[in-house]
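Down below is the structure, laid out as structure tokens.
Note that the chains take the letters A, B, C, D, E and F in the order they are written out, and that residue 1 is the start of every chain.
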Amino acid sequence: MTGPYDTILITGAAGRLGTELRQGLAPLANRLRLTDRVEIADLRPNEEAAILDLVDAEAVMEVTKGIDAIVHFGGAPLEKPWAEILDSTIRGSYNVYEGARKNGVGRMVYASSVHAIGYHPLDAQIDTEAPVRPDSLYGVSKCFVEALSRLYWDKFGIETACLRIFSSFPEPADRRMLWSWLSHDDCCRLVTAALTAPFVGHTISFGLSDNRVKPVDNTKAGHLGYVPQDSADPYRAGVEARTDPPDPDAPATRFLGGWFVDLGHPDDAGAE
Amino acid sequence: MTGPYDTILITGAAGRLGTELRQGLAPLANRLRLTDRVEIADLRPNEEAAILDLVDAEAVMEVTKGIDAIVHFGGAPLEKPWAEILDSTIRGSYNVYEGARKNGVGRMVYASSVHAIGYHPLDAQIDTEAPVRPDSLYGVSKCFVEALSRLYWDKFGIETACLRIFSSFPEPADRRMLWSWLSHDDCCRLVTAALTAPFVGHTISFGLSDNRVKPVDNTKAGHLGYVPQDSADPYRAGVEARTDPPDPDAPATRFLGGWFVDLGHPDDAGAE
Amino acid sequence: MTGPYDTILITGAAGRLGTELRQGLAPLANRLRLTDRVEIADLRPNEEAAILDLVDAEAVMEVTKGIDAIVHFGGAPLEKPWAEILDSTIRGSYNVYEGARKNGVGRMVYASSVHAIGYHPLDAQIDTEAPVRPDSLYGVSKCFVEALSRLYWDKFGIETACLRIFSSFPEPADRRMLWSWLSHDDCCRLVTAALTAPFVGHTISFGLSDNRVKPVDNTKAGHLGYVPQDSADPYRAGVEARTDPPDPDAPATRFLGGWFVDLGHPDDAGAE
Amino acid sequence: MTGPYDTILITGAAGRLGTELRQGLAPLANRLRLTDRVEIADLRPNEEAAILDLVDAEAVMEVTKGIDAIVHFGGAPLEKPWAEILDSTIRGSYNVYEGARKNGVGRMVYASSVHAIGYHPLDAQIDTEAPVRPDSLYGVSKCFVEALSRLYWDKFGIETACLRIFSSFPEPADRRMLWSWLSHDDCCRLVTAALTAPFVGHTISFGLSDNRVKPVDNTKAGHLGYVPQDSADPYRAGVEARTDPPDPDAPATRFLGGWFVDLGHPDDAGAE
Amino acid sequence: MTGPYDTILITGAAGRLGTELRQGLAPLANRLRLTDRVEIADLRPNEEAAILDLVDAEAVMEVTKGIDAIVHFGGAPLEKPWAEILDSTIRGSYNVYEGARKNGVGRMVYASSVHAIGYHPLDAQIDTEAPVRPDSLYGVSKCFVEALSRLYWDKFGIETACLRIFSSFPEPADRRMLWSWLSHDDCCRLVTAALTAPFVGHTISFGLSDNRVKPVDNTKAGHLGYVPQDSADPYRAGVEARTDPPDPDAPATRFLGGWFVDLGHPDDAGAE
Amino acid sequence: MTGPYDTILITGAAGRLGTELRQGLAPLANRLRLTDRVEIADLRPNEEAAILDLVDAEAVMEVTKGIDAIVHFGGAPLEKPWAEILDSTIRGSYNVYEGARKNGVGRMVYASSVHAIGYHPLDAQIDTEAPVRPDSLYGVSKCFVEALSRLYWDKFGIETACLRIFSSFPEPADRRMLWSWLSHDDCCRLVTAALTAPFVGHTISFGLSDNRVKPVDNTKAGHLGYVPQDSADPYRAGVEARTDPPDPDAPATRFLGGWFVDLGHPDDAGAE
């Protein structure tokens, strides 16, 4: 039994979330094409791999041939020096979208991030139409891809769901994740919803599990059909036992971006 | 054991939804008065029937006597030539509201439709205060009754809940119904909520089951107390197996009204 | 020197505002075709007249041939019995839009009314996207045409500017008109703006002069390019001298519709 | 096992809700300090009591020493003459906030009330940012404390969650409580959420159980992490059997404040 | 020639703005009754004075007899110790509103202040429905009167225009006043508008001249009919020549309240 | 007599708008430093020039030393191949912001563009908080700089006014410019306002003259204090005489971006 797609491309497939998606998305396609800069371990029969750097336009053009949908999780995984952000996320994503356009890919799912709106405070309870307020160069590069993908929908008819993932880890690792956690299973559910929704156009969705503390309002992404089934709350007691309470006056407590707002500039000596 | 009303009038009682309501609303009243243009089968002891055309003002005035609430589901059931829309929905509904006004009926429940706002896209995630954007003459006539009923509340103190029913069928029949379905049971729940809510005034509510994909935001109708209990999702696999995927660029995929936006004008030769 | 149109049709051309428009719109077209139920006096060389009732579908179809734009000011001019509202505004306007559709008219200007939103209070400061709240059957029929024209834009590509005219009279006649007045010249300016705007699509605009007291917010109609140049304020002292102050608790003071909210139902004996 | 606080002060601890909170908040602190004007019965080992009037600034300053959080439920419990409102809520709350400021208390939870916004109608479906519309002097005094606590956050960095409690009783006692009920357990859950939320700043939350009929929209308080678990609906049949249906035209039916909107002025002879 | 009122009461008539209003409002009434705690100089024939403290309920009840409208500018004129704020603004204003209620005064104009919303930043461009964010006890007391007056409209039908005056001085005295200035003449125009508007209900309006830099959006007060005619800009060169540029990072630059946000607590030793 | 700044840097100073700014901003600073890739003609005594490419990080770091404010008008002036957009706008602007950060520049004025929001239709009447909808790679790069500058305010305290310039030309050259025109003088007024506003933080403003047809709502930028003084309307007759009327169904008529929405992809052979 196969899903609605013949071949889905996953970029960043060797990363932590990419690895989860290889399993989670298997039911949706006959074949998963995987790409990353590093080797991808333990290929399954339904998988094929291509090792390449997204900054390599020709390689990306080649790898996006014969693809029905792209789950674009490649790029710098957190705050990095500008040169790396520029190449891996900005230039790399441009190449991916050009590959999609020239090769006729219809739907994209992009791993955007809370860090595109990290300087909004929790008590603003923003929805997905709030202006961007990135908290890092990493976040700025996510804003770039969100804008780029908007163009590719409005002008070229390529759908994209931009998923602003908060904290997707095996389990909540600190107090912030009690409200920012996206379980790996819910991450797969969210990408699955984005791939199977009847209409995506250009949609921005927050990526969060059903945690009790809700920092944002995801109502406007209701047509994706994402229903989280996990929650950070069973982990609460453990997390609180081994971590200190947050300082309510600290920016890292108040803003969605958490400790990213405390980072200096990545190009400064010794930053991060 | 009886409900809060002595006699409820159901118009369009011989229709598909009318038939469901006869059973669903029985607990709410001592007596259901039923009306339709065609014969109503299998009357139960708590039911009385009157066969009439709503365009007949005198008959409507007569049948609305001694009534406590009207569940107004009569009128053209989908896109029809103008002459029919005019008579059955516009003139007919005026007659019903005049009957309510002159006979002292306090609360109305009206079967409005998604087609009153069918030209809004899913990704707009409209709420019930969005401007109307009808997708058909049928939809325009629903807008008319919504406006008429607003007047009858503001000026004459008659409450109306306008229920913008999406797709109320025994089960989801196509891909669109995976997000537009209102189960028959949920339809009865919604009408029941509208009849028993502590305050209705003039309220517009969307009529949808608890489907995973949510095309609109019904928050502003929270005071009706409608809680859907069904979902299209158990039918998803079956529907997807026997239907083609939607074209994301097609207006019928993008807009709430679905295939209604593709209909030509009903008065043109061979329209619909 | 001629305006941008060859032939403009004005319905209701024998009415008070129709008469003003004959002069005001003359610069915009080579020819004005005029229609009304009654004879139109003093035809000018650039004018041609057709006496007909808008409820006569064939006559309307005929008169809308060879027309580039329609300024639709025909229909019941204020609260009337339902039968008259139905024929002159609802059925008549449907005929006009069908004429436009079949004869390829591209742009319509419709004389809607404050009475489509007459039950909103002044202190709500509504904009043009607020839900309708008609104050009369007259207002309900305006809502009908607004919805109908929305359909004809979304489905058939015919542009309409719906102008919610407040009180267009030679000069302010009572206290309410100190904030609801639309001078005859500003009325012509507004229709001219609607006819010459670069893009109308379906736009709703309030129709008010630049009175000091502003009951609504017309910002969302900015693309029509209407700039009022008259004001009721020079008439204030005179009006206040000969009229009583309003009662702040009276609905007619509080609501946009003014004395229309105090009207009973027009079909009741002795109504209005 | 202790909660995140060493000592929590509860004002109004002898009141109905105060009594519930003594039990409900016990897990959150090593010690509960209780204060009220009247004696507090049955002190538990983790409790210490101080009998005082909040209008006594010195006593309040003393009792707020060594406190980590204050749950401020003291003050007039419903509509009262101005002199009492002034002393118990306005002057008393000022004293409490000054105690918090001078003694370094970081977080406050305030028992505000639906009566701060009691003149909004149900069908407005307001959220927590709607302008205040108090329905009583009691409600005005709640607005005062909400404003005062906003200042203490913005200027002095003291967090407050203002909980607009609707009707917190052992069970729903009348028809209105079918939508306004906050169970005692949910009340404790709400206060617990406010005390343990990662960031409060200044947050206003409605206080309601998960009743089927929802009169307001609490989305903007999502970061408190309050999830109600009770509902008035199991009590519905009983309540409806022993009470009359509401009159939809009565202000007490239409407005959030219920019967408070029918109260005269408390300083008039025989008021209330 | 007289205005629309027989007798208007001005509280705080000996203050700077009160003195301006004595002249500015003279055309609106046959008689101005003036009250203040201190002697009022140079009474004109149309004026009568009463020296009293607004905290004296009996005196206020007496002085509000035979009054048609009250322009309530009395109370603490800026940040003061709590005891003074409490007596002069909170208790005093309650007395004024009770006088209005018992003596049948129909319309009030209240001198509220920017300091009721002083913690909103300029770039938020708030409108008059934004939640209050007072910057001082002075501001909190203004919020109290705004809430109190809302109650007196909703429950007792007494209209109030709350005018949030920014900086009303003879001319702009510092850089902030280049955007916060309300000229004395415009102040009189604003109060005049509030006294003569056809419908006030409960309306909040910002009080600003037509300065080039606009810190807030006053659209929702359009029905007052206030049109400022002065501007701070002619004073710009002079002010900039004799003052230092603002520090963009300073709260006093960023927030509407200006230097009030830098004030400590007035009850602390040496505050202000 | 000099303005508030010692030295202002203008990037893109040899461009059409840069040339205008050299004259328009002269009164604001003792010295204008000018930079461009090409030679800058006719240097005045208050000017100094540096020929460099903004993609050259070291050169930019050098030229931003000793600067008080930067008017950043450099970068690709319209749709260009990706490689050029990447270098001149994305990499170049990053260099400029890094120069500002490391050299302590406090305020930036950035030439953003209507093309950052070009896919919004006129009848949406968006304000400056609407989500971006770029119509070209050029527009995407403007979105990037807007996001980047937001970060530099939130994290590094550098103010930026992003001016979304519509069509700044000597005079309106086509029908679209009748609503999109920003006169050269108004362009200088807008930049001057951004440089002299008391508080900018991060502000987005539309850049338009006071044309009669208004496609967007600039209210939220009111604190910049920009008051346009020119209008396209005196040019209307001439423009209309020599150009064809727009097609209302054409995207270039309907969307803010005009003919940019009709451009293909710049990297395709023969694009543009």
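Keep in mind that, in the parts below, a residue touches a chain if its C-beta (ideal position, glycine included) is under 8 Å from a C-beta of that chain, and two chains touch if they have at least 3 such contacts.
Chain-to-protein mapping (UniProt): A, B, C, D, E, F = Uronate dehydrogenase.
Here the structure is a predicted model, which means the values were calculated and not measured.
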Subject >> Neighbouring chains common to subunit C (Uronate dehydrogenase) and subunit D (Uronate dehydrogenase), by label >> reply: B, E
Subject >> Chain pair repeating D-E, as identified from C-F, A-F or A-D when over half of the contact pairs by residue number coincide >> reply: A-F
Original post:
Taking all residue numbers at the subunit C (Uronate dehydrogenase) to subunit E (Uronate dehydrogenase) contact, is the shared part over half or under half, that is, same or different?
Top reply: different
**OP:** Note the rotational component of the Cα superposition from subunit A (Uronate dehydrogenase) to subunit D (Uronate dehydrogenase), reported as an angle of 0 to 180 degrees in steps of 5.
**Re:** 120
Original post:
Distance-wise, how many Å sit between the C-alpha centres of subunit B (Uronate dehydrogenase) and subunit E (Uronate dehydrogenase), to the nearest whole number?
Top reply: 51
**OP:** Let me have the rounded angstrom distance from the C-alpha centre of subunit B (Uronate dehydrogenase) over to the C-alpha centre of subunit D (Uronate dehydrogenase), please.
**Re:** 40
Subject >> Multi-partner residues of subunit E (Uronate dehydrogenase) (each touching 2 or more other chains) >> reply: 219
Original post:
Draw the chains as dots and join the ones that touch; what shape do you get: line, ring, star, complete or other?
Top reply: other
**OP:** Sort out which chains touch which and give me every pair.
**Re:** A-B, A-D, A-F, B-C, B-D, C-E, C-F, D-E, E-F
Subject >> Contacting residues of subunit A (Uronate dehydrogenase) [partner subunit B (Uronate dehydrogenase), same complex] >> reply: 4, 106-107, 157, 159, 193, 197-203, 219-225, 227
Original post:
Mind pulling up the subunit E (Uronate dehydrogenase) residues that touch subunit F (Uronate dehydrogenase) in the complex?
Top reply: 121-123, 125, 175-176, 178-179, 211-217, 219, 240, 245-246, 248-249, 253-254
Subject >> Complex contact set, residues of subunit C (Uronate dehydrogenase) against subunit B (Uronate dehydrogenase) >> reply: 82, 86, 90-91, 94, 98, 101, 116, 119, 129-137, 139-140, 143-144, 146-148, 150-151, 154-156, 204, 261, 265, 267
